[in-house]
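All remarks here apply to the structure that follows.
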Amino acid sequence: MPRFHAETLDVYNGQTFPVSACPNTDMASFRATLIGGVSQGLRISALFGAPLAGDTLRLYAVLTDDNAGRLHLISTDVTGSYTALTPSCAQAHMFEREIFEQWGVRPEGHPWLKPVRFETPFRGNGKAAPIGITDFFHMKGDEAHEVAVGPVHAGVIEPGHFRFQCHGETVYHLEISLGYQHRGIERKIPGGPHPLTPFQMETLAGDTTIGHMGTYCRMIEHFSGIASPAKGQAIRGIAAELERLANHIGDLGAMAGDVGFLPTMSYCGRIRGDALNMTAVLCGNRFGRGLVVPGGTAFDLDSRLIEILLKRLDDLEKDATSAIELMFNTPSVLARFENTGRVSRETAREIGLVGPAARSCGLTQDIRFQHPYGIYNYIMAQMYTWHTGDCFSRAYVRWLEIQESMAFVRQVLHAMPSGETRTAMRGQLAPDTMSVTLTEGWRGEICHAAATDANGRFAFYKIVDPSFHNWFGLAQALRDQQISDFPLCNKSFNLSYCGHDL
Amino acid sequence: MNHPPYIHVAVSLAAAPFLFGVINKVKAGFAGRKGPPLFQMYYDIVKLMRKGAVYSRTTTEMFRLSPLVSVAVGILAVMTVPLGQTESLISFHGDIFLLAYLFGMARFTTVLAAMDTGSAFEGMGASREVQFSMLAEPAFLVGLAALSLLTGESSVAGILSALRNGTGTATGHVVIPICVASLFIVLLAENSRIPVDDPNTHLELTMIHEVMVLDHGGMDLGFIHYGSALKLWVFASIIARILVPVKMSSPMLDAALATASLLAVTVAVGVVESTMARLRMLRVPQLLTGATILSLVALIIAMR
Amino acid sequence: MILFLAALIVLLTGAFVTACAGRRLWANTAGPLFSVAGSVLTVVGSLMTYEDGPWEWALNQGGSAILSIHFSMDPLSAFFCTVTAVITGIAAIYGGGYLKEYADEKNLGMAWAFFLILSASMLAVETAWDGIFFLVAWEIMSLSSFFLVIFESEKPEVLKAGWVYLVATHFATAFLMVMFMILGSAGSFSFGSAAVPPALKSVVFILALVGFGTKAGFSPFHVWLPEAHPAAPSHVSAVMSAVMVKAGIYGILRILTFTGEPLLWWGWTLVILGAVTGIGGVLFALAQKDLKRLLAYSTVENIGIIALGLGLGIVGMATTHPVMAVLGVSGCLMHVLNHAVFKSLLFFGAGSVLHATGSKNMENLGGLMKRMEKTGSFFMVGAAAICALPPLNGFIGEFLIYLGSFKAFTVHYGTQGSLCGILTISTLALIGGLAAACFTRAGGVVFLGEPRSSEAEKAHESNAFMTGSMAILTALCLALGLAGPFTIRLIQPAVQVLTGRSHAMDTVIFEGGDYLMRISVAGLCFLILVLALRLIRNRFLSGRSVEEAGTWDCGYTAPDARMQYTASSFSDPVVTMFQAAVRSKKQVDRPVGLFPESGAIQTRTDDVVLTRLISPMFVLAAGVSDRLHRMKKGYNQIYILYIVLALFTLLFWTFYQEYTR
């Protein structure tokens, strides 16, 4: 049981509580609690601001205790500026920059106070900084050169800017500047849920539709005090694991392509399509749009569809296994993967990596396992880790998770409950209530934190995509690496640009 | 009775882009795909030749010169290396060096054109290119020197025609495979094939040859593609001829055999590309040094 | 003969005149005029000697005076004099343009005086026919060049370079003095009667190798070259790199004509020395940031190639294989000529860059081609020439050396010849690749891309004298590249002074000329093809849209000049590969931690021979002399005691000699 400096609110994943139940302390205690908690092994899942009257900002912090499966909340009020947490607790780094950008509250002493999304502040009349123009880190000396990659990339991928400081082929520093996919979704939700909100949630990160939408729907259900029926939860679980499957297979194929290993690249490209088509069997959309709704799922699985899915799953397993094992059995591929883009376990913990990236550094961290929700309460998903922290590790953990997902889907399909797939929604959301919902998306921990106002409309809705934690990990992985290994490292993380940019 | 070399030069000039089609079909076959048409490179070149031009403001005449030099060198190289018969248009003692240094001229202008753009990507590619070709050139020259020692000839056409008559000796049976291995590695390096470079990659940070021509477009890119095709043709011809030292009864059969062995070498390139991953950049010099050592070994054995 | 002597008189008169002119402005016009006049006279005189035959002339005919001014010009001397004269003449034109801006601060008259004395002394060295006279001319050459090196003596690094140069050249002269004493031990110092006692043949060769090799720039005696050549004003750097080092080569060649049949190990020594010098030179060139230092190391590399050719020739002579001999020596002499042309071109380019931007640091330059189009284009041609790329002249010399190596083993010349051939081919191939890396780096970083500093941005084209002299040299590069078949026949008289003449040699030269003719034809075809393709492209594009845009920058809104490759990054992979030889020091201030405050990187390449061999030797010498210094207590009485002791020793020795007679 962690010991905190000040009193925190102890809840579990998805639990609702009155807004006033969250303890509000002074800044010093808030700092001490956060720093103390992190040093005892907790993670900051969210650290964000919610506006109060005037210039004051209420800072909320969500500390996640993976071992105990509990979340701890604490808040404080600030005006103008405060002493930065980052020098003592690097996990707060991106959050503090975001708070500064969105609300204008300055963390004094922050070592890396640069724009996050180049967005217009949420309050005040400030303008957005011109995108991409920031004070990049420079290596001194006229012999180092800079390589600026992006925002337009050579492949058909999302835009983002990477600034390398190099000498010869060695990268001494990588700095990542995003914000090109900013759509201002967090701004659009307060006062909702609006008719557009579910669509915005589904496309927060296009390849994590089930992840984000599932979180949102559970949030609505918690606020409405209803639960999805068992069949709905089972189908949600299948969709989530299919999403994980498809993306992991695509990632392995892309990694093979980046090292020039063409067979696996081609096969995995096709096999990912097969996995996406299985999602289409569920709901007619390859990415699962329209499948997950508050209260359950909009589509049902009858025995005929279950047969089809089982058959496709068997084919998928056979194809994927042969293509991927071919890659892992080729020494030239392993020579590229091993010892490339290493992130140490200490660094991973220090910056708060989540998801497969964290698990490949040996950190045991999986929301499905430690903070179970939905179907994962009834059917366990195994957690796999690998210790080396390099590209091989990230590839291998993905392969292990692919195998686990296939087994999981098969198990759920065989044990499919009967009954309805959705519960009818009650009209309104509970007023003056707050909740934090975590999900294990295929990239890692998705965190939604929301509170309703007196009318049962959203007062604020904070979204933290796993990429928000992990982009900084990619920057660290490239230190002292060869620049020609960057695409491989980037693919091995495969982070979301739009999930970060919201 | 030999056909005049002009016909064979014309055939080579016309047929060179076909080799890329063969390689791509082989790669597609391995990947379970149909792949692009065999004549795709022709379509690409024709398409590019119809375009206008956009030049970077940073570039100078150097940039506009390099595609022309690539094609000119390719044409001269084709005139130096015979296709399946004894004569070539340019043939004299020591033309091996002319061949190697002409390619050096093409590389020189390409590297300078890359640096002309002021782009870090192209500078990176240029740096890698000079590093790898510095190691590949000794392998090439020493390998050909070994064959020269073996056959007693000192022109490319002379060596290849002497080999056609078979060497018969035990030394020859040892030297030739070693030379083929070494020259094959040089072919992979000089023509930017896996494991040295990936011609299909779109990742600028990993490219060597393609990134140097990143800012070329339109007719210039067409010239560059054609020049690369000629270069591949020349290297593959040399290896094909060394590999199949058989003389046929009639010139027609001879030409057919030459074509077949050329295609075999091309297919081998495709197979290597499909079954191996790319080497990390750090390891490529080791591969090329290995090729140089193979060539030296061949030379020393041939001296006995 | 008259013309040559007239040339010397013109040069010396010019020196006197310009020295008197001092700081007056017309000194800067008089100097080049006298130099060009002297050059023209020398060239015509040398070419006439080729036609008419060798001549000899002495001031004191057979007198007993110690110093006899004794000239003789045979084809070998004529060849070297032609090269010297042409380059000094063109360098004088360039210098006239280059020194204009120094007219107010410096005594240009004295500078031109020393230049003219240098030219005259080089010509004297190359035609001297008396040992003492040779040494006098050699010393005058060294001293006049020393004064030219320290032209900008207000800069401490220039002074230091001058001292290094002075020490090195006198180190060389010491060896030469001993050598000439041995040569003259038969009685007269005249070269005509130079007799090498057979037992001392190898000693003479070694002394010549060290003495002349230092001036030429053989490793490990080259350490002065990268210091002195960059410090001098650019027209002097050009003359030093292109011509003065060749005086060293001339010296070795001349000594070889006295020693009769060369021994096999001489050839091997030259080959190995050439290989080490060549590869070492270009590796260090690749690691330099200073453009002129890069060119100086490149001179070392090319001297290595020349030595390689000469060594191949010597091995051929020693194993009585005339084909190898004549091709090797022809390649050596051909490269002497070609290197003189393109190295001076490159130094002129570097000088123009320095003149326009005030900087020799490649990392500060960039984008100069757009601002100095003529200089840039000529420099690029020079860079292509030095990489031995057809159809330019650098290829010809290397081709002859390659051909010699090839003949060494295709005509089954036995193990020695074949081994020599293998070594030569491998070395030349490696050097070729490294040179390509070095000069694409030099040309690309300096002239292409975007300017990396405001000085580079504000650069302007040089005046007509500077660009004109570069134009002449560029035309020469192309002409010599295409005129291979003629040049090889032209240099044969010079080659035969060393190798002798035989039917086999004549045949091989005839064949070689034929091959060079085909190379020239191929070169012409290349040029025609490029031109034709260009016409085709222009024709096609004339009806279509041709636009300009920025270089692909991935759509980033604010690209800047830092986002291009630096010279140091360009050469980093190769330099790291050869780290064992180059020992470049990379000082990396790594960015530490998640939020690094700073990071920096700095590389430094010191000459390995300097830091590991020469400097420790000097430190040792300083230590020894320090200890000796303690013997000088500072009291006069002690010194008197030393003198008395020395006298007593001498007396004793004389008596002993008398006693034992």
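When the chains are written out, they are named A, B and C in that same order, and each has its own residue count from 1.
The criterion applied here is as follows: a contact is a pair of C-beta atoms (placed from the backbone, for glycine too) under 8 Å apart; a residue touches a chain by one contact, two chains touch by 3 or more.
Keep in mind that what you see is a predicted model, and the values were worked out from it rather than measured.
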Taking the mean of all protein CA atoms as the centre, name the chain whose own CA mean is closest to it. B
Most contact pairs found between chains B-C
Mean-CA-position distance for chain B and chain A (Å): 48
Rounded to a whole Å, what is the gap between the Cα centroids of chain B and chain C? 36
Distance between chain A and chain C based on Cα centroids, please, to the nearest Å. 65
At least two partner chains per residue is the criterion; list those residues in chain C. 553, 563-565, 569, 572-573
In chain B, which residues are in touch with two or more of the other chains? 120-121, 123-124, 127-128
By the touch rule stated above, which residues of chain A touch at least two different other chains? 145-149, 168-169
Listed in rising order, chain C residues that touch chain A in their complex are 289, 361, 363-364, 452, 553-559, 562-569, 572-573, 576, 586, 588-591, 594-603
Can you name the residues of chain B that touch chain A in the complex? 27, 30-33, 120-121, 123-124, 127-128, 194-195, 198, 200-206, 273-283
Contacts from chain A onto chain B in the complex sit at residues 145-149, 154-155, 168-169, 256-263, 265-267, 270, 330, 332-333, 335-336, 340, 482-487
Taking the touch rule as given, give the residues of chain A at its contact with chain C in the complex, in rising order. 86, 90, 93, 111-112, 130-133, 137-153, 159, 161, 165-170, 172-173, 347, 350-351, 472, 476, 479-480
Interface residues, chain B side, partner chain C - complex: 49, 51-62, 65, 68-69, 71-73, 75-76, 90, 92-95, 97-98, 100-102, 104-105, 107-108, 111-112, 114-124, 126-128, 130-131, 133-138, 140-142, 145, 148-149, 152-154, 214-215, 219-220, 223, 285, 296, 299-300, 303
